[in-house]
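Multiple structures are listed underneath, in structure tokens.
Below, chain A partners chain B and then partners chain C, in two separate complexes.
Take a look at the complex of A and B:
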């Protein structure tokens, strides 16, 4: 089982602990064994411990310590946010956020549509069973 | 980013006397947890250098010094004089950090863990931002690589807040990524 996600300059990571929780950041430089300098278009460049990062598969092309402007251009060129929202991990997070934002009425609607869907499936399944018996 | 140790510039002199109308003014840069302690440390050091005490001296200014560029990584060299159980020793230590206050905090933590030396027994002689070519320690030099790349082995999965911590888990954790 080789390693596939490396800590390197340009690696996109998800913050999984702390005040920046849930944000996608780019590793801009490595301070030492435990910390990296991390940047994103809407946060100030800060140091963060690797324990608070989950590395993703996305990597962008930047030089060490780029300007904020260069970082933005590289992110747009690599289309990071779209790639993220299309990836299976990103889609799961979107579903989680949607489910957390449901109101009680929305949950009722979900329940009703689940019942409708399963009744349709059961009807088709019983039809198939009848034809198989015959 | 809150630091335990803050850097202060402390300026003071002895009180003017009939024999000495305008005594020499001395300025020190030192690290302390707050301003009160910084002023006290200033007199501690000045007593060792000149014949001045807080009782016949006056504090002229105390200002906190902040990091100019906390968004760039620097290599800090810190020269330390510390008291061990058997005597006084000098040391030179290197740290990689974004701010000098962070490097000094690392130094105090490391001295306490590696040599069991506590804060009162450590005197910072000098600090400097060391350019990459002059770094001495392999530990800092191994990060001087513009194409640095390493995997994160052994990942412990933590709940995102301490509130969601549980004693028992349903399944064994996967520590690979």
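Take a look at the complex of A and C:
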């Protein structure tokens, strides 16, 4: 099993620890064996340990240490955020955020909908079973 | 014309070190403009004349002097403030009761009484919780809100909920009869009518919101894997 996601300039990563938790950042330079310089349109360019990054499949075309403006253009050109939100990883995160923001009433409505849905499914299933037996 | 209310100046004498100001007394005299005050008042500070106390009226000497010293009561400077209502609780919001016989029930908050307790109702038809007082410490405020401005709750005060004190007469005959005649304590008809009146106004509002009636009829509980500190109410 070869590696598929490499640390390289332009690799988009998800920060999984620290003050920038949950943000998508672009690796803009590699400092040493352990740290990279990362940047994103909504954060200040900082160093970050690789252990705090989860590499994604997305890579953009930038030169080393681009200007913030150039970085933003490259991100828009590659349509990073839309690609991310469409990817299965990105969609899972969106679902997690939605579920965390549910209020007590929302949770009740979800529970009721789940029960209704499963009862419909079970009805159809029992019908199918009956026709199979016959 | 509004009276001249000038905003207080920020400190004219920033500290060099705690307790030591940057400027000396004479410098501060100049900075505060006390020289200008004097100049305006002809060379000296403006004074207000002392309030002249009226000479006490000639009265008769008191008839009675107490034999022992009369103790003066100590100062009482405690300020009793009206009780605060949590920001998450507003009239019309759905609350989750956490203690008492109705724990877990979701209930509509009507108003805060003068004692600080919250006036709530189930409504009774929906979940069996009557008009009741509840302490806000034993309550979770959810973000679900109803508009209860049209519901009339002015007649409900702390006095409405006071228990009626029965005076007990000590007599032998009553002592033996006590076990036989236990008066049944049921709600007076008036209170039942009040409950119906309030609920009658609330239930149409509840029915307007889909699923709200069944929501209020259900109880809150923690399930496996649910972390209360992470829940958004």
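The rule is short, and it goes like this: the second predicted complex is superposed on the first by the 134 of 134 C-alpha atoms of A that agree within 3 Å, B and C clash if a C-alpha of one lies under 4 Å from a C-alpha of the other, contacts with A are read in each partner's own complex, and residues count from 1 in each chain.
Keep in mind that, in the parts below, a contact is a pair of C-beta atoms (placed from the backbone, for glycine too) under 8 Å apart; a residue touches a chain by one contact, two chains touch by 3 or more.
As the structure is a prediction and not an experimental result, all values here were calculated from the model.
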item	value
Chain A as common anchor, with chain B and chain C clashing or fitting	fit
Which superposed partner A:47 touches (first chain B, second chain C, both, neither)	first
Most chain A residues touched (candidates chain B, chain C)	B
First (chain B), second (chain C), both or neither touched by A:30	first
Smallest distance from any CA atom of chain C to any CA atom of chain B, in Å, after fitting	12
Chain B/chain C common contact set on chain A	none
Residues of chain A that touch chain B when the two form their complex	1, 3-9, 16-17, 21, 29-32, 37, 44-47, 50-51, 55, 63-65
Chain A contact footprint on chain C (complex, rising order)	94, 96, 106, 142-144, 211-212, 214-215, 218, 220, 230-233
Sites on chain B touched by chain A in the complex	1, 71-73, 96-98, 102, 139-140, 143, 146-153, 156, 158, 160-161, 176-177
Interface residues, chain A side, partner chain C - complex	100-105, 108-109, 112
